[in-house]
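Labels for the chains are A, B, C and D, by order of writing; each one numbers its residues from 1.
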Amino acid sequence: MISKLHDSVDEALADIRDGATVMIGGFGQAGQPVELIDGLIRHGATDLTIVNNNAGNGEVGLALLIKSGFVRKIICSFPRQSDSQIFDARYRAGLIELEVVPQGNLAERIRAAGAGIGSFFSPTGFGTLLAEGKETRTIDGKNYVLESPIHADFSLIKAHQSDPMGNLVYRKTARNFGPIMATAAKTTIVQVTDVVDLGALDPENIITPGIYVNRIVQISQEACA
Amino acid sequence: MSTAHTDAADRTNPRRIDHTLTRAEMAQRVAADIPSGSVVNLGIGIPTSVSNYLTAEQDVILHTENGMLGMGPEAHGEEIDNDLINAGKIPVTELPGASYFHHADSFAMMRGGHLDIAVLGAFQVSAAGDLANWHTGAADAIPAVGGAMDLAVGAKNVFVMMELTTKKGESKLVDHLTYPVTGLACVTRVYTEVAVFDISKTTGVTVTAIFGDTTIDSLITLTGLPLVDGTTTTPTTGIS
Amino acid sequence: MISKLHDSVDEALADIRDGATVMIGGFGQAGQPVELIDGLIRHGATDLTIVNNNAGNGEVGLALLIKSGFVRKIICSFPRQSDSQIFDARYRAGLIELEVVPQGNLAERIRAAGAGIGSFFSPTGFGTLLAEGKETRTIDGKNYVLESPIHADFSLIKAHQSDPMGNLVYRKTARNFGPIMATAAKTTIVQVTDVVDLGALDPENIITPGIYVNRIVQISQEACA
Amino acid sequence: MSTAHTDAADRTNPRRIDHTLTRAEMAQRVAADIPSGSVVNLGIGIPTSVSNYLTAEQDVILHTENGMLGMGPEAHGEEIDNDLINAGKIPVTELPGASYFHHADSFAMMRGGHLDIAVLGAFQVSAAGDLANWHTGAADAIPAVGGAMDLAVGAKNVFVMMELTTKKGESKLVDHLTYPVTGLACVTRVYTEVAVFDISKTTGVTVTAIFGDTTIDSLITLTGLPLVDGTTTTPTTGIS
């Protein structure tokens, strides 16, 4: 059987090139692929477009990636937070481009990319600053904004368990963006806590089918803590 | 029930209370107004405190947009699980009958009209029910929206909790928004420390409860809006 | 706790009125809500629009509903089969209206209704008879057809297990249209093989959250066989 | 490898075989051409038989659009479970690593370009790769499409298996379709009993294998198409 397991984060990320669009899963700490983000910083690809719900917190992870100057543009729903000082400073200095997307449109645009939808009319954001310049339409008396899919070259996500084919299950609200980001990238790289034998996951309960996963790196629970 | 009560000290009439409401009392009032069996999303900040006053008999199901239905109270001590957080990124618990789903499914649930009520904070609400709660409009502000616009258009009813006036004493219930809009014609009810307002396309803004020494006339003067006095008529739920 | 359990099929279907749009789950026998369909025939509401993958087989179930003259229009992907003689005859006699929709567009249109999408551009069907009269658009060099959501008044589906809140799990390929039809109707009625206690279903494995389900009727395995 | 073989009896060259293929041989050839690890959907009818010739070493993952990946062989006897069927509504089995999903997810998988190969039957295929396989166009025909149009536009590669000629002897590989189209410019390869054709936007139609006493010239005459002879050059996989 073909195994998608890789021995190291660095090996799994080796072909991410300058200028790539990279989706990063997680909402807060839940589902955040911490080790893959750290690996991306070590890897050093520049001019990246990052898709994430936020724009980094504190001085680690995504914030450190931004601080390192590797991020040209960020697409997210909620950049401004109490501890988003690194993003804030670079944004105010004109050193990083920002596309703010309502969280549900962000999720649906990622899903649309994975689902082969050309574009879709969403009610969210109609009449707001975030719809400026976008096509609008009234359908059955309700107003909508045309939204486009967001495709990525790579998705970096975290899951709870994987089998060698890349079938994934998640834990609680750590599921968040993982399943949709896995579908929207040319190459999906997942860090998991456990790797289980083929057949150990109940086919009824698999959230991300393995065909959406290209590479798996196991990060033990201890390393995550 | 249809007799007018003008005595502000009439404690038997919950629509006229002799003191302005504390935040806790506002939250308690919102909680009491949520119909049994409702599916509800409580926004970050003050709205979250509404959960403290929901009773088990109400059977309210809480949705958190990061991917869960059946959210329980905030987690403490050994209950804390970093994979189980709410939209404010605070550790929470899971109630029997809970379920998890990914972000696209979670916002589809919202956008598709499957939530009965969203309770949100606001900078301003207009007489048409337009909501401003995502952006101060300040020149140097970094825009950040999160799920605010999705909740505004998605929930069947949007309840706002806010102080009625700014620190400068200006009404936050206005004829037209001066802050950037979050969603148009979406707010159906506004809870403040001095009054509760229902917003309807057909009947405009109705004051359904009034607190402290506030009067309908003082609210009309403050807001500059042609308010309907609904404090003396039989209340309806106003929930669709 | 509020229970959505109903004692009988007839009671659960009682308010389906003439002219209603009714989605019926199932692909072949798998996931087909046989007892609910039989109940709909007994109920006798007329002028129905039915949404199903097929247009009935043999002389039972959906075919019998059509034979009874209760169906004004059917929206489906594959009406013509070796044993679809009842539909075929009524269609040729001009007694039933037919909207043929590619299966994936059918699924996505049902999903769009439940997800509050106004309409979407699908690549499926571009340049074909089934796209005639529909708006088209070229996006990034690829051709798409604008497709609209399909909403329903009622969805009749079958699941494997339910708790009293209506949280559902399905069995194998019997899942098919159930989860999306549950989201697209004002009222979703589900027949299940087992009703389990609240808390007995793992929250990670629930496929249809209970908020999409209005009424549950238990049909024991024996009755199904 | 680049030496021309014109001897139709040269059994060492799989691109020139001295007899026309049976359906089983066609299925066997399709199976052999599927790269290891591919995700494949086999259409209803003859394409289904391709699964009989896939080897365990190929690690091909079969998708069935009614909601499953990791489909195993047809079920027999006690294996039969009415909840586990393929798109042809035939009971099948489940392999280790299988997963189930609903119809919208299943067709999103297809439409989103996540299937490597779909193997389909056809009424006609055009030189541009247009496919006709859903509707005879007969005036009294009841249209029925199922997943055919979704598979046509969704899979990265569409392989067609068909007899090259109709019962009347007309070519089914044509310049322009006369049957109603299923999908435009989607077919990348056509397997027939007399030849295999690759279709490319840049190089047109290339004959990559030829069987029996068929010749390139006879195929050009039959189809009326300017075919490229690819039976004498090094083959490429032609799989994207």
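The working rule: a contact is a pair of C-beta atoms (placed from the backbone, for glycine too) under 8 Å apart; a residue touches a chain by one contact, two chains touch by 3 or more.
Source: prediction; values computed, not measured.
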Completion exercise
More Cb-Cb contact pairs, comparing A-B against B-C, go to A-B
Problem - Distance between the centres, which are taken as Cα means, of chain C and chain A, whole angstrom - result: 33
Exercise for the section: Please compute the C-alpha centroid of chain A, do the same for chain D, then give the distance between them in whole Å. Expected result: 35
Fill in the blank from the handout: Contacts with two or more other chains occur in chain C at residues 108, 111, 115-117, 122-123, 170-172, 203-204
Handout entry: For chain B, residues that touch 2 or more chains besides their own
Key = 94, 100-101, 108, 110-111, 154
Practice task
Pick one for the touching-chains graph, please: line, ring, star, complete, other.
Solution key: other
Exercise for the section: State which pairs of chains touch, listing all of them. Expected result: A-B, A-C, A-D, B-C, C-D
Fill in the blank from the handout: In their shared complex, chain A is touched by residues of chain C numbered 108, 112, 115-123, 137, 139-140, 142, 144, 148, 169-172, 202-205
Practice task
Using the touch definition up top, name the residues of chain D that touch chain C in the complex.
Solution key: 64-68, 81-86, 89, 94, 100-104, 106-108, 110-111, 135, 140-150, 153-154, 180-184
Handout entry: Contact set on chain C toward chain D in their complex
Key = 27-31, 77-81, 88, 91-92, 98, 100-108, 110-111, 122-130, 143, 170-180, 207
Problem - Residue ranges of chain B in contact with chain C within the complex - result: 36-37, 39, 59, 61, 63, 69-70, 94, 96-101, 108-114, 154
Exercise for the section: Give every residue of chain C touching chain B within the complex, in rising order. Expected result: 1-2, 111, 113-117, 163, 165, 167, 183, 198-199, 203-204, 206, 209-212
